[in-house]
Each structure stands twice: as C-alpha cells, then as structure tokens.
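One structure is given below, represented as structure tokens, and several questions about it will come after.
Chains here go by letter, A, B, C and D, matching the order in which they are written, and residues are numbered from 1 within each.
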C-alpha cells in the first residue's frame, strides 16, 4: 500500500504535543482519556469507557479519592468533555474503540496513556520547552513516550476507519491508564474485554540506542513483579513510662525489612526483593503506632515472582504477630512474565519492512524490565490467542523517566504504518 | 525443751553422708526417695509416694523415659527398696509422711532431695573426698545442700514421732524431687496434697556468708521465672540445588533469639530474658530441619514474668510463621514470686533463738533468686494459710553448685531443733 | 518581710501574656531573649548574652541555619531589640543577669524560656484565646509554662535589684533556651559560667494535681537521657538490575532498630531504649541510600543511661559495618540524673511557708522525667556547691504539652516571693 | 594397543576392596596413603609425601591434633608402613609419584583417597558386606568411589611404569587427601608442585545414571564455594543478676545467621548462602560465651562466590562489633569455578573410545557441584597449561554419600585404559 505520510506526520506531531502538554499520572488521565474517547467517537469507533472494560477489583495503586477528584476537576477546567469525564470518576480512565468489519478474527492493539511523576525540564535545549508544549502539570511529564503511544493509537484508529477495505474482522483499540507502576492493565484484562481476542499487540517507543529506523520485532521476556505496600498498625505509648503498653509498628516493619532480604534464593532462577522505602513513627519518646514498607518483588518468571511474593507476605504476617501489631497488605502494582509469539514476530518484521524500517532485529529482546501488558498477553494466550510486544526505535534526547527525555516526532509515522499493516495481515489469521 | 544433741549430730552426719554418696538428679531420686520412704515408715509415719501427692501434668523438665529407667535400675542395684521404687516409676519420686496427733492445725514442712549436675571434686582437701563419701554417680553431686535438707527432714520426722507430747494437730513432711531447675514443686502443689495446710515451712542451708550460727527468719521475695524450650521443626533441603524447598529451623530459631532480646522493658518493674543455649542444623550444605532454643524468663513478680513469657511465646510463634516452620513450646520449669508471712517470721526467730542460734536476722532477705517452693507457698496462701521460707546458715567450703561445695555437718543440728520447736508452737495457731 | 503583692501580680500577668503570645521554639527565642535582656538591663543587671555564657560545642539539636535566620528576622519584625538580637545569631539565645552586692556566696537561679511545638487551641474556653494572647506563631505554644518561668525570673530580677538590703553576695539569673528536648542547658554549664556558683536553684510550674497553693520542696530523681539521631548513608542502585551494587541504608537502619531493642537489661536498675521514628529510602525499585533513626535512651541514673547509649552506638556501628554503609551519630539532646540537696530542700520549705504556701511537701518528688537543668546541678555539685529543683503548684486547665494547657496567673506570685526569700537566706550560707 | 585386561580387572578389584575396607576421612588417610606410597615405590616411581607437595597454610578443615594422632596410631596398628607414616604426621597425607621418561611435556593425573563420614550398610544385599570388605572404621565409608579412584591411579602407575615405550616426558600422579569438604587440593596446588605441569587431568566414577559404559568427556562448570566456620567468643554472666556484664555470643551468632540470609542477590548470576549449623551457649541462665556458625557460600563463578564470602565476613564482623564479642573466621574448605579445556575433552573422547567406552558424551556436563580439583585446574591454567575433568560412568547400587553406595568393580578397567591412552597422546602435546 502506498501512502502519502506527510499529512500523517503533521497530524501525529500536533496531537502528540497536545497530549504531552496535558501529562497526567496513572488513573488521573481524565483529560487524555476524554480526548481519546472523543477522537475515537469522531472517527466512527464504538467507544467503551471505564467500567465497560475495567474490573475495579484489580485497579492497583489507585490515588486517594481527593487526588482523583482534584485531577478530574482540573481536566474539566482544561476543557475535557464532561460527558466522557462523567464516566471516568474514581479513576476509571480506560478507553477503548471497537470496530467490526465483516467476518474475521478479533485483533487488539493496546496503547498506554499515563505520564511519569517527573518534573519536566524547562531548558530551551529541551525540544518541548523550545516548542512551547511542556507539561502544564507540575511534577507530571510524558517522560516515557506514552504521549507518542496514544497519538499512534489515534492515528491508527483514523487510518483503519478510513481504509476498511484493507482489513476485516473486528478490531479493538485499547487505551490503558496507569502503566507506570504496572497498575492499570490487569483491571482491563480481568474485565474480560479481551476474552474474544485472537491477537493482541502492543509496542513501545525508544528503548533501543541509536534507535531511529530500528524495529525490534518481539520481546522475549518480561520480569514478573509485584508492588506491595505493607501497612503496620501498632499501639503507641510513652516509651519511658510504660513501654510494655506499646506495640511498635516501627519494630515490626524493621524486622520485616530485615527478614524479607533473607528470603531463600530459588534454585529455579533469578528472584529479587527490595524494600524501597520505610516510614514509621513520630515522636522520639513515643512507641511508634504506624509503619509502612514499600516493597517490590521480581522473578524471572511468574512462578518465581509468586514464590517471593508469598514468602514476603508470610514474613510480614509473622513479624506482625511477633510484635503484636496488625498488618494490611496493599497491592500497588504487578506484572507477569510473558513472551512474544514467534509467528507474530515474523509477521511484525514483514510489516515493519513494508512500513519502511531499515534496521530490523528478528530475535527476541531481553528487556530485563516489567510491563503490565503482560496481563493482557497471558489472558489472550490463556484463551488460545497470540500476543506480541514490539519496540519502535527512535533517537532519544534523554533517558526514559528523565526530565529531558524526548523522542523524534518523525519516528511516530512508521509505527502507525506497521500496525496498520499488521491489522491487514492479521485479518485472515 | 532441753535435749542432748550428741546423738542427733551423729545421726545427721551418718545419714547425710549416705545421701551425699547417692546424689541423684531431679526426678531420678529413686534411691534417695526409697530411703526416705523407708525411714518415714520405720518412724511410724503414714507414707505417701509419687502419684499420691503428684499431679503428672505439672512435672516439668522430666528426663527421657530411657534415662528414668536406667536411673531406677541403678537405684535398685544400689539396694533401694523395690516395693517403694515400684511406686516411683517414670519419675514420681516425691515422698511425704503424714502424722496426726489429735486436734489442731495442719502444718507442713518441705525438704528437697535432688542433686545438681556437677562433677564432684576428688581433691583430698574436699571433705567428702577425704572422708570417703563423694558421690558415686558421675556428674551428679549434692552441691546445693539438699542432702542436708533431707537428713534434717528425717531427723525431724523421728523427733516428732518420738515426742508427740510436744505438738498436736497434723504434720505433713514433704520430700520434693527436682527443685533444681524449679521443676518439681508445682506437681505436688497441683495435686492438692497441701490444700488443707495451715502453715507451710521450708528452709535452705548455706547462702549466707560466714554462716555458722546465723539464721535468717524469712525471705522477702522470690523472682518469678519460666524455663521454656522452643523446638522448631522445618524442612531440610539441599542448600545449593533447591534452597527454596527448605524451611530453615535454624533461621527461625536465630530470628527468635534476636527478637526475644527485644521484648520491651516493663514500666512496672524488673524483667529478664535469656537465651541460654541454641542448637540447630547438621550438615554445612543442608537447610537445617531442627532448631532448639533454651530460654529463661524472669520477673520481679509473677505478673511481670507472665508478661515476658507471653511476649516470648508470641515472638516465637511469629518467627515460626515467618520462616514457615512449626513450633513446639515445652515448659521445662517455673517458679512464682512469693513472700514470707511476717507472723511466721517472728515465730521462727523465737524458735531459732531457743534452738541456740546466736545471730538472727529479723528482716526479709532479698534473695534475688527463684525457688519452686513458691508454688506451695502461693497454694497455701491462696487457701488462707501462711507460708515461710528461712535460711539456716553454715560455713561453706565452696560456692553453691560448685564441685567443692560443702557445709559444716555440725550445722545440721540447729535446723532440726528450730523446726521441731516450730511444730510445737504452730500446734495452737 | 511584708510585701504588697497586688502590683507584683499585675506585672507578672502582663509580662507573662506578652511572652506567651511570642512563643518561640528552642534556640529561636530571639524575641523572648531580647525582651529578657532589655528587662535585666533596665533593672540594673549586668547582662550576658549568647557566647558569653554558652559553649557552642554542646548546643544540641540546633535547628537548621535557614530556620534560625528566619526566626531571627521574625523577632526583629516583631520589635525585638536589634542590638541584643545581633549577639544571638545562630541560636545563641541564652541570657543572664549578674549582680554583686558585697561579700557573700554566689547564688544562681535558672529559668527556661522556650515553647513547645504544639498548636495552641483557639477555643474561647481556652483562657489565652479568650483574653487575646494566644501564640502568634503557628505550631509554637507555651504549653509547659516557660512563659510563667521567665516572668517569675524577671519579677525576681526587679525585686532583688530593688531590695539590695535583703541579700548579699552575687546573684546570677540564668535564662536558658531549649529546655524542651533537653538541648540547651549543657551548653551553659559547659561554658563555665556557673563554676563559681555555691547554690543553684530552679523550679517548675504545674506538674502537681490540684496544685494551687502547693509547693514541693525538691525533686529526688531525674532520669538521665540521651537523644540521638543515627544517620545512615549507603549507596543506591537499581534493585532489579544490580542489587549487589547497592548498600541499603534502609536495611542498616532497620537492623539497628531491631537490635537496639535487644540491649541487655541492666542488673543495676531501670533502663529504656526507644526508636521513635525511622525514615529511609525513596523509590520502590531503588536500593535506599539514606536512612534515619530517631532514638532515645534513658537510665535511672547517668551511668545506666551511659550504658544504654554506649550499647546503642556500638550496635549502630556494627550494623553499619555489616551493611557496608556509613554512620553519623548526632546528639540531639541529653540530660543527667541528679538529686536535690536535702539542706536546700529544708530551706526552700521554710521560704515557701514564708511566701504563703499552704500545702508544702517536704519529701523528694519522684518526677520520672528528665530535665537538662541536671547538667547545671551536677556541674555545681561537682565544684562543691549545692543544687535544688522545686515545684510550684498551680491548677492547670489542660495537661502539659497540650494545646489547652494553662496555669493560674495568680499562682506566679508565690514563686517569686519564695525565690526572693531564698536569695536572702542563701546570702550567708 | 591391544591389552589383556583380565589380570587388570582382578588386580583392580583386589586393591579396591583393600582400600574400601580401610576407609579413612580427610587428612587421616594414613593407612591409604602409606599403601599408595609403597605401591608407587614398588612400581619404580619417585615418591613424594606430605610436606614435599603440600603447603600447610592451605590445609583446610584439619581435624584436631588428637584425632590425627589417634588415626595415625590406628593405621600403624593396621599395618601401615611406619617409615611412610612418619612423614605424614599432622595430616600431611598427600602422596605423589613422579616418573621422567625422556623429553616431553609434564602431565599430571590426580586421584582422591578420602572416605565419607557415613556409616556403611551391613545389609547382605550391600555388595561390600556380602563380599566381606565393608569398612572396618565405624562412621567412615568409601561412599563416593574414592577407593575406586585410588585403585585406578595405582593401576595406571604400574601400567605406565611397565610400558615406558608408550609415553614420554614426565608424569606426576597425585594422590590427594580430603577432597570431601573441598579441603585438600588447595594445599597441593599452593605448594607449587604442579607449576611445571602442561596438562592436568582428573575424573570421577559414577554420577551419571545408568552409567556403565558411559563416559563424559568434560565438566563445563564447577560452582565456586567457600566453607567457613564463624567462631564467636563473648563473655558469660549470670543472666538474672547482671545481664549487662555478659556479651552473648549466641545473639551475635543468631544475628549473623539472620543477616547472612539477607546478602543481596547478584545481578551477575546465581549465588547461595547457607547456615548449616549453629551451636551456642550452655546453661539456661547463663549469658552464652561461645557461638559457632557453620556456613557455606556458593557462586556460579569464583567472583560471585567471592562476593558472597566477602559479604558474609563483613556481616559477621559487624554483628560481632554490635554485640561486643570477638570473631574468628576459620576457612574449612573451598573450591573455585573452572572449566575443562575443549581440546583435552576431544582428546579424552578419542582415548575413551579406544578404551572401549560405547556411550560417549562430547559436550560439557553441568555438574552443579563443587570439586577442589578446581584449584589445580586454575593453577595449571594460570601457568599456561590445560585442565580436564572427566566422568567415568558406572551402574551404582545407591546414591553417592549413602551407606549403600557401590559401583561395579568391572567399570574400573576402562578408566585405567583411558587415562593410559591419554598419557600416551599427551606425550607430544
């Protein structure tokens, strides 16, 4: 298919800048999601929002109600469509477009919408600053390229709607909140929205060094991970007068931290445990009543991670009992291990070539990180479907999650074409 | 009462040496107890043995059945009366004599019979060695004077039986096993044998420096204590191949030891916790399956000790849970806090004066140690009776529990007279 | 001495309200100290300020330079005398007045000036709110009566200056910063300013229940205490990629907290250890670089506290070594144990009687708390002098350190008279 | 080369049984080593013994002097040659034969001689029991085939000496003590005895399932490991009277155990840490004076193991400091990682084929265990030489280190032939 991409490039740039300026953290993407919903609707897609495609029991690391309300109001003040926003209250910010086009398979593409909690650089050397589209939200920045992902998704939506002869079957375009912290995907996967999907595909911009024109046709591993918060609740007392009446949540948390590190290594592969933060107590002479541990487990595969997670919780329970305090475990995020389907990798390579990529890696990339798209991959695979995660290269101005991160806007075109080609080729698979 | 004590002194010396030579550890006093039973019987006392006066549920730190059987056989080989020994199988070695002598109160005197697990000195400077009556049992020695206590008790038995005009009411002479490790008294107290007792009295030889001719008419405190063994049972595995399959009882025990020391101090008074011994594991490359902690709690009073004991057990439970192992708590001994009755102290002082003691302390001695006679004291007090614990001074050749410990045999006479006087004076109280 | 106290009462009330409204935390008493300095100067006293009477090496828990500067500027804006404030830069807010009056002993009286970090109640039921003199400084309140202490001290200064026939020798009136947190006294004591003092006296308002008209003529114990901050500095690293490159300050701090609690009890008396607060780490997936423990040790006497402090530091050093991190120990406060001189107690009782107190306790009050006046007491005692700490009762509207704390202003009169009487009686001792 | 192996098989069987019956633990192989020395001497080899080829500073896990003396006397009583034994006093039980045969390379073969601390089965089903050659030493058994290794080595010695036309250069046959626990090889390697060696070869019987006729021509990895004993020395005290005077070696050891398990995982590969045994303390009411931890570290390579070892020691040092006790680290064993030379593997495969092996594996076997032959391999490789470790299959009657372990005696023939062939082929390399 020959295509004039000049207009596409311009549209991608414009939309990306708009999204970039309205960077929103996980589950607060009210402006972004309403922009997406409106764009999908305008392009002729059936629009699903929030509870349509999210299972609330699996929304992890949800901000406090007050924060959600404040961000929602901010989005409205910034012009978000009230009708759409009304369906997103409480952080239900996922959006999907569904379009059926005759018989054929159900194929899904996933794009993540959230920003990173990073302060964007105002240095004129920083392209968004120079061009005047830095984030208007203090402390939130699209420093991982999700603004690009979302604009690719919307461009793809328009192109698919405008070229229905190029594909058949049903397509679901999923715009996910809260990928940062691996918090949002599971609620979508557990909603059942993807249960009829034959192929599910996602991709990420950047990652590869010297990336422009490079395409990596599959990711070969994702580390499984759990993000857990352990909240200990003890009893305070005067440490001098009646230490025996206190129940130190600080000591329970400290003991847990120490013993967590001692989780036995696993003969089956690499595991990780980290206590990233601890906060406990108030006054010097008071037996501390509250303690918090912010932890992360990882495993080379889901079973290994589950081993570490189970050990962690048992250790925390034991220490809570030992110190006579209460424990509440909060699941703040999580991802599975998963692998890309070799057949889809091959097909992606062909589509990328067709889309104009010059440097294509055919082997699976060992990413060494975690992605909650893994929940969607495993759900689809569990139902007999196939899954793929690709990498779209781009030259980067700064590292991911850094205040000077930026990709080349011109590198947004080939991803759209690649995915459009895939939608076509997947029509008869 | 005027009394020629020459014969008494000789009899005490003879009997004491016999007992000293047959030193037997707690609950294995088969020879000693059968000697006592026979002596009481011969002197006209009704004899109670073993289960008559012991509640088996409260025998603490009982030796293994094999050890008990071996010691019983040894006693028989050394001439113990088979009829009596037959009633002591399994460590039921308590003996009591009961004699009624008309109307009057029920008064009880308690004597302990067991030896210490210490190797007796063979040095000719050591009086028992020089005189040829060192313990014939390797590793067991009367290094705390219980041989003296038992001979005092038997001399008292004979004197009371031979002078029934000097007292009235009922007298119970209790010969207790296993005072060392505070293991034996509770089983007697819980049998109910002392439930009709109006006054219960015990005493200890030695303790006071420069002790001959000194008498301390009461003990003002006993530390409450619990002796606990924590047995951890885990799962072994090859530490290199599959560490995750193991459940280290060693780590659970080690963690418990560390956290036990952290039991919060108590605003209500002094507490103590000690882990005296830990044994865990076998091979270097095996995840350890078994772990043992030998601990001791103390408190200035019974409530404080109970606090430490409860904390200890909860901590061990918590660590067992944290490390995924099983915990069994074994009670190996215990004693309460208790105090001597001021009225009885006064009466004891008078009796001691009459018995010829020259230096008498009237105030309560802060002993700073534990005695399981406290169980009998608290039982009798709980029933409205009175309790007393006195100290009979004697010059000592070495410290208590030392292989060179010895008291002056001549110092056995005044205790007998003092107690005999008390029996008389208590007849009408 | 007969004295019309109507004017005195009015003056005390006025000055107290002024001080109350300008509540300032430890080492930031710029307004208060400059008010004191001016009042002493106006009353004819030689005025010593800051470095004259403070040893900077022993100022503990000093606020950050920025905080000090801000509070200084605030005081100036509120009308503090710039000349005095200039001599207090950096928290040197101690003030003293010295007056010589012929031959005789050197007697010192100490008053503390700082407020508590508590938000004052605005409830009209609260007397200062009703009368319009609540603290104008958010989060700082005279909730422990130091405003009363300071006004007593200034009234005493004027009375002594106006009645020089009533006393002789030299008098030093010490106005101390930062008694809360036991941070300020030591710097004065270590300056040597009290080294020629024969008698040093301080007192506290309140404390006793139903206190008006009650006087306690001496405190029999002060708990020794140390306030320590342990700062751990490790090395951060990515917890998933290279955990071995990190050095977790969180784990070092947690381990220290756990092991601190295990400091062995002391046979010589009560000890305490508390970890009141712990903060460590930042991101969930980062090995934590920094960790802080806020701890407090106590002992029934200075030696017992020193034992706990030494153990604490050794434990923290050991854990720092074990976890390969650096440790910095910051001394944030401290107090010694001390006792009041029986002779001075008797004299104080007589003076209090003379001052009109109706209910006088002659025995030493077991306070069960800590006071850094103990540093001055021990310094003076070490030089052969005598020390006394008394309690001036007053009916209280709320507990000490509570936002509704208040004393009866009328109860400020008798303390002034008592101390004035003491100054006279001490003239010839 | 054609060879009648009937006599060889018979000789191997006879010698193996003799060695099996005299099973001796590491460093106590006095009978075995003297048998080897005599056999080498009788076959015409220059014999090196003990200090000739051992560096005493690297003998690890040496038994106590009393044990060594007792085992030496036992060997003499069992007919060991006194002249040889005299050179082995103190555990210097290594023996080597050296033979030069014209110009050519220096090639070395290593055989280990020690038994395992296992009780041999007396069941008539057990071949050595049925045939009457079970170990005459209680608790020591050749349960890992080292009796076979030694008999292979001696048969090889005789064959090489009798067929000097088949090889040239110099051959060193090394008979090593104490391979179990990886304790003996390093002392030989550090003596420099192998510093002129061009190729060093060792092998192991068994290991492979269904092993008869199988040959594995190289081992691809050895786990590096360190065997460490941590001895803690504290101060005992009475736990009730003066806990503060004690320094609990038990708590220091327990804390170390807990924290050892927390050594951070390494991003570079698998590591292991195990505390296999802990023993500490004596009496229940005594602060424990001594504590022992028996630990093992492992790493996928020597650097990873070194990481764990260094962390371990630092942690133990830190805990010793924290608890105020002394630490002594004793190195009880160790092995490096190493790999077989691919060229030698190929050559070995050819020689094994020639020796009649039917099933030959050409790829490197991932053994997953440790061997202290690795010290010799790395020493020779460090000097520019090559190293090889092969596996000689045999059907086994029970697992290695089990009381019913046994190999097929007939399977001893092919190893001898294989090594003899290698000696020839290595003559000109």
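In this text, a contact is a pair of C-beta atoms (placed from the backbone, for glycine too) under 8 Å apart; a residue touches a chain by one contact, two chains touch by 3 or more.
Everything quoted here is computed from the prediction, not taken from an experiment.
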| item | value |
| --- | --- |
| Comparison of B-D and B-C (more C-beta pairs in contact) | B-D |
| Chain whose mean Cα position lies farthest from chain D | C |
| Same or different residue numbers at the chain C/chain D copy interface, by half rule | same |
| Centroid distance [mean C-alpha coordinates] between chain D and chain C, Å | 69 |
| Distance from the mean Cα position of chain D to that of chain B, given in whole angstrom | 53 |
| Residues within chain D bordering two or more other chains | 241, 243, 248, 251, 255, 258-259, 261-262, 264-265, 272, 287 |
| Complex interface listing, chain A residues touching chain B | 240-246, 248, 251, 255, 259, 262, 264-268, 287, 307, 314-324 |
| Residues of chain B touching chain C in the complex | 258-265, 270-273 |
| Contacting residues of chain B [partner chain D, same complex] | 181, 223, 225, 227, 239-241, 243, 248, 250-251, 253-255, 257-258, 261, 272, 274-288, 291, 294-296, 298, 332, 368-369 |
